[in-house]
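In what comes next, chain A is part of two complexes: it sits with chain B in the first one and with chain C in the second one.
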Partner chain A sequence: MNKVLITGSEAAALGAKLAKIEVLGYYPITPAFPAMERLSKYIEDGELNCKFIRVESDHSALASVLGGSLAGARSYTVTNSQGLLLMTEVVYHAAGLRQPIVMGVANRALSAPHSRFPEHGDAVSQGATGWIQLFSENNQDVLDNTIQAFRVAEELRTPVMVNYEGYLQSHTLEEVFVPDQGKVDAFLPLKRMPALDVTNPRGVNTVAGPDVYTDYKYIQNAAMEQALELIPKVAADYNREFGANSCGLIEGYMMDDAEHAIVAMGSIVGTARLLVDELRKQGKKIGLVKVKTWRPFPAQAVNQILKNVKYVTVLDKNIVFGVGGALATDIKANLYGQGSMVINGAILGLGGGKCGVKEIKEAVDHTESSENKNRSEWIGL
Partner chain B sequence: MTIDFKNLPKQELFGQGNVGCKGCGAAIAGRQAMKVLGERTIITIPASCMATLGGNNTKTTWKTPFYHTLFECAPAISSGVRAALEIQGIKDVNVVSWGGDAGSADIGFQSLTGAAERQEHIIHVLYDNEMYMNTGGQTGSQTPLYAITSNGALGKKVHKKNMLAIMEAHGIDYVASANIAYPEDLMNKFKKAASKKGFSYIHILAPCHRGWGIKPEETIEVARKAVECGMWELFEVDEGKRTRTYEPSFIPVADYLKAQGRFKNLTAEQTAELQKSVNKYYGKGE
Partner chain C sequence: MAVKNLPIVPSGDPGALVEAANYATWRIFRPVITESAKVNPIVTLYCPDGAITVDESGAEVNYKLCKGCGICAKESEGIQMVPEYTGPKGVF
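Moving on to the complex of A and B:
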C-alpha cells in the first residue's frame, strides 16, 4: 500500500480503476468531469481494459452503463447535480432492475438559481430511488467507499452511489493510501450475472401487473434491509485486508460520555471534528456521529449511539423544502419515542455557503438554548 | 448478399402468442425481422406497443433476450450492451434497438443521434405507424401531413419529419426504408444491416389499423398501396451508395389515402397537392 497526494476526483477514478471497471459511460459536467477525464486517460494509456461510451447526455450515460451491466459487465459512471436529475428516471429504473452499478456523485447545488458549488441537494433528491448511498468525509473515504461499493452492489444486486462534494473534495488534494491491485482483485471477484444473454434468453422488464408489482418492491426493499448488515461486514473485511480504517454505517467520535451529539455526513464531518476537539478541551461533553451510509438509513445504529445524549444537532447541507434537512428528518423520525432529547436540525453550507467551525458552533449553541427545541435553524443567512 | 426467401427458418423467434391486436403491423415487422436476425440477437425496445405486446408478467413471446427499456434511451442501452459483449469477447451477436416513431424520432431522438454519430455497432429499427399508438394515437413528428389523430381532429398541418434523410446525414454504414408488405425486401435489408460493423438504421412502415382507420385484414394491403403510389419509397443507402430497391407501379395516391379513415377529410385540392409532390419526387413532371 502506497501513499499518494490526490484529489477526490482522482480518488474516485482510482477506485474505479482498481475495481477494474469494464464499461464506462459519462457525459461531462462540472465538477465531476476530472474523474471522468482521469478514467478516459487510464483507458487510453492502456492501464484499464474498459469500454468507454462517449454518450450525448447524462440520461444516456446511465442508460449505457445500465446496458453494460445487464449484459454482464462491471459498469461505472460519474455525475452530479443537473446531470443526476436528468438521469433520475434511469436511476430508479436501474435499482428496480437490480443492477450492481456504481456511480460517483460529486455533489453540487441544484438550479435555480444557478450554482456550481457544493452541497448535498442532488444526492438527497435521489433518496427514494432504491440506490444505496455512501458519503465520504475525505478523499480516503472516496477511494475506500468506491471499492467497497462494488462489493456491496454485486452481493446485493443493488446499485450504489458514492457521494463526495464538488470542489471541497473533487478538486482538493489530500494524502490517500492506495491498496494493492492484487488484493483488490481478491476483494472484488468478478461473478458475472448477465440478464441479457443469448445462451439463456430472458425477457427483462416485462409488464408487471398489480398482482406482482408490490412483491417486486418488497423484495427490492428487503435487499436494502440486508445492506444494513452487509455494509459493516464489507467495511470490516476491507479494513482487515488493507489495514484501513473505514467505517460501515456510522462512526462515533468522542461519543462514549457525550451529552451533545453532532450528526453529519460528507466533508462537514471533518470540520465538525475540529469543533468537538476544541469544545472537549473546554470540558464540554460533546461528540460526533458520522453517517457514511445514508441509504438505507441505519436507524438502529443511530438510535443506539444517540440513546444517552441530551442534545442532538444535525447538520444538513441540503434543504427539503417545507420539511427541513433530510438527515435531521430521518433522525427525528427514527428517534421518535426513543427518548426526550432535543433534536435540532441546522441548514447550512448550501450552494457552497459557509459551513466552518464557527457555523457549526452556532448550530450547537442554538440546540442548547432553551427557546429552540426540535427546530430547523438556518445558519449563515 | 440476399436471403433464401423460399427456405426461411421455420422457427418463430417472435410472434407466437404476442398480445398485439389482430392485424398489428408492428408484430408482423418483428416476425419478419427475427427470421433473419436469428437467435443470437439481443433486442432492446423503448416504451411502445412493441415493448408491451411481446411480454407480460412472466410470459414472453420473444425467444431471444429482450429488454423493455425506458422511452428515451434504447440506442444508449444497446451501446452499453455492445460494449459489454466486446469486453467479454462475445462475438456474432446482433444488438438491435427497436423503437416506434416516438421512441426513435421524437422522445428517443437524442440517444439515437448520439449512438449513430458514434457509429455504434448496432441496428436501430424505427417501426413507424405514424402516430403515438400506445397512448391512443396522438400526433407526432412522423404523422403525415393532413392525417387526423386522437388529438388532432382537423388533421396535421405540417409535414412528416424526414428521418431517413436525417439518419443518412449521419454518414452511418447503412440506411434503409422497408415495408411489411414487402417481406423479401425487408429481410434482405436486415441481412445487410447485420453484416455491418457500424451503425445501421432501418425505417419500416408498419400500419396500425386502429390509428389509420382501416380494417385489421387491410394492414398489408394498405401498406402495399403506400409503396405502389410512391408515397413510401423503398430504398437503401449502403455505405453511401443510394439504390431504389423496388420500382413502384404508381397507382394514384388517392387509392392509398382514400383507403384510410385518418384521411377522410382530405379535400380534392389536398389530394392533388400530394399527388403533385410524388410526381415531382419521381421526376414525372407536375
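Moving on to the complex of A and C:
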C-alpha cells in the first residue's frame, strides 16, 4: 500500500485499473473525462489490458459496455449529467439483464438551464433503475468504492454506480492510500458469467409476457435487498485486507449521544463533519450520518441510528420537483411511525451553489426552530 | 404464490418473438426467389434482419425472420415481392 496525491477522477481510474477491467466504453463528457483519459493512458502504456471502445454517444457507450459484460468481460465506464440521461434506456437494460457493470458518475447538475457544476440530480434521476448506488465523501472513498463495487456487482449480478462529485472531487487533489495489486487480485477474483455463447445462440432481453414479468422484477428486487447484507460484508473484508476505513451502508459520526443528527451523502459529508466538530466544542449534542449506500436504501440501519434523536436535518444536493430532496423523502418514508422527531430536509448546493459550514448551520438552525416537518427548506437563495 | 423459476439473464431461444407472433403476421409482401442464379449476394448484407442467405446452392429466404421490407428485391434481380394475402380483393 502506498500513498499518492490524486484527483477523484484519477482515483476512479485507478480503482478500475486495479480491478483489471477488460472493456471500457466511453464517450467524452465533462467532468467525467479525466477518468477516461487516465484509463486510456494506462492502456496505451501497456499497464492495463483492456479493450477501449470509442463510440458516438453516451447511449452507445453503455451499450458497448453491456455487450462486453454479456460476453463475460469485466466492464466499466464513466459519465455524468446529460450523458447519464442519454444512457438511461441502457441503464435499465443493464439492471434487468443482471450484468455486473460498474459505472463511475462524476455528478453534475442537469440542464435546463445549462450547468457544468456539481450536484446529485443526475444520480437521483436514476434512483429507480435497479442499479446499486454508492456515494463518495472523498477521493479515498472513490477508490475504495470502485474496487468494492466490482465485488458487490459480480456477487449479486447487479450493476453499481459509484458517485463522486464533479470538480469538488473529480478535479481536486487529495491524499489517497492505494492498495497493492496482488491483494486486489485476491480480493476480486474474476468470475466469468457470460450470457452469450456462440455455440448455443440465444436471444437476450426477449419478450416477457404478463405471466412472468412480475416474477423477473421480484427476483431483481430480491437481489437489491440482498445487497443490504452483502455491502457491509464486502466493506468489512476490504477494511481487513487493506487496513482501510470504508463504511458499508452508513457511518455514524458522534452519534452515540446525539440529539440532533445531520444526514447527508457525497462530498458535503466532509463539510458537515467540520460543523459537527465546531458545535460539539460548544457543547451541542449533534452527530452526523453519512449515507454511502443510497440504493438499495439502508432503511433498517438509518432507522436504528436515528431512533433516539429529536431532530434530523437532511442535506440534499438535489431536488425532486414537487416533492423535495430525494434523501429526505426516503428517510421520512422509512421513519414513518417510528418516532416523533422533527425531520427537515434542506435543499442546498444545487448546480454548484454554496454548501459550506455556514449553509449547513443555517439548515440545522432551521430544523430546531421549525414546526413544519413536511417541507424542504431552500438554503442559499 | 411462489416465484417462478426463471433464468437470471432474461433470455430465450433465437426467434422466440417470431414464434410468439405466429410467423410474421406483420408482413404484407413477401420476397420470393424467382431466379436464384441472378440473386446478388450483396443482399445478405443489405437485409436488416439477416433473413436471406446466398451460397453455392442458391438464394434462400428465412420467412421466420423476414419482415417484408423489400430491400432485397429493390437491390437485386431474381427476387420479387408478392402479396402475403391472396384472398378476396378489397380486404386491405
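Criterion: the second predicted complex is superposed on the first by the 373 of 381 C-alpha atoms of A that agree within 3 Å, B and C clash if a C-alpha of one lies under 4 Å from a C-alpha of the other, contacts with A are read in each partner's own complex, and residues count from 1 in each chain.
Keep this in mind: contacts are C-beta pairs under 8 Å (C-beta built on N, C-alpha and C of every residue); 3 or more make two chains touch, one makes a residue touch a chain.
Everything numeric here is computed off the predicted structure, so don't read it as measured data.
**Q** In the superposition on chain A, see if there is space for chain B and chain C together, and answer fit or clash.
**A** Clash.
**Q** With both complexes superposed on chain A, which partner does A:I53 reach: first (chain B), second (chain C), both or neither?
**A** first
**Q** May I ask you to decide whether A:I219 touches chain B, chain C, both, or neither, giving the answer as first, second, both or neither?
**A** second
**Q** Identify the partner contact of A:D197: answer first if only chain B is touched, second if only chain C is, both if each is, neither if none is.
**A** Once the two structures are laid over each other on A, A:D197 reaches chain B alone.
**Q** If you stack the two complexes on chain A, which partner ends up touching A:N205: first (chain B), second (chain C), both, or neither?
**A** both
**Q** Going by the contact rule set out at the top, does A:R157 touch chain B (first), chain C (second), both, or neither?
**A** Second partner only.
**Q** For the three-chain arrangement built by superposition, which of chain B and chain C touches the greater number of chain A residues?
**A** Residues of chain A touched, chain B against chain C: more for B.
**Q** Where does A:I331 make contact in the superposed view: on chain B (first), on chain C (second), on both, or on neither?
**A** Touch status of A:I331: no partner.
**Q** Just to be sure I read the superposition right, which of the two partners does A:V65 touch: chain B = first, chain C = second, or both, or neither?
**A** A:V65: touches chain B, not chain C.
**Q** Just one of 27-35, 81-89, 135-143 or 261-269 in chain B runs into chain C once the structures are overlaid; which is it?
**A** It is 27-35; the other listed stretches have no clashes.
**Q** Enumerate the residues of chain A that count as touching chain B in its complex and touching chain C in the other.
**A** 70, 195, 201-208, 212
**Q** Going by the contact rule at the top, pick out the chain A residues touching chain B in the complex.
**A** Per the stated touch rule, the residues are 22-23, 25, 49-51, 53-57, 59-61, 63-73, 75, 89-90, 93, 192, 194-198, 201-209, 211-212.
**Q** For a test of understanding, state which residues of chain B touch chain A in their complex under the given definition.
**A** 39-42, 44, 52, 54-60, 62-70, 72-73, 76-88, 90, 93, 110-111, 113-114, 117-118
**Q** Would you pull the chain C residues touching chain A in the complex into a rising list?
**A** 3-4, 6, 8-17, 20
**Q** If we count contacts the way the header does, which residues on chain A are in touch with chain C in the complex?
**A** Touch residues, chain A against chain C: 70, 96-99, 157, 195, 201-208, 212, 215-216, 218-219.
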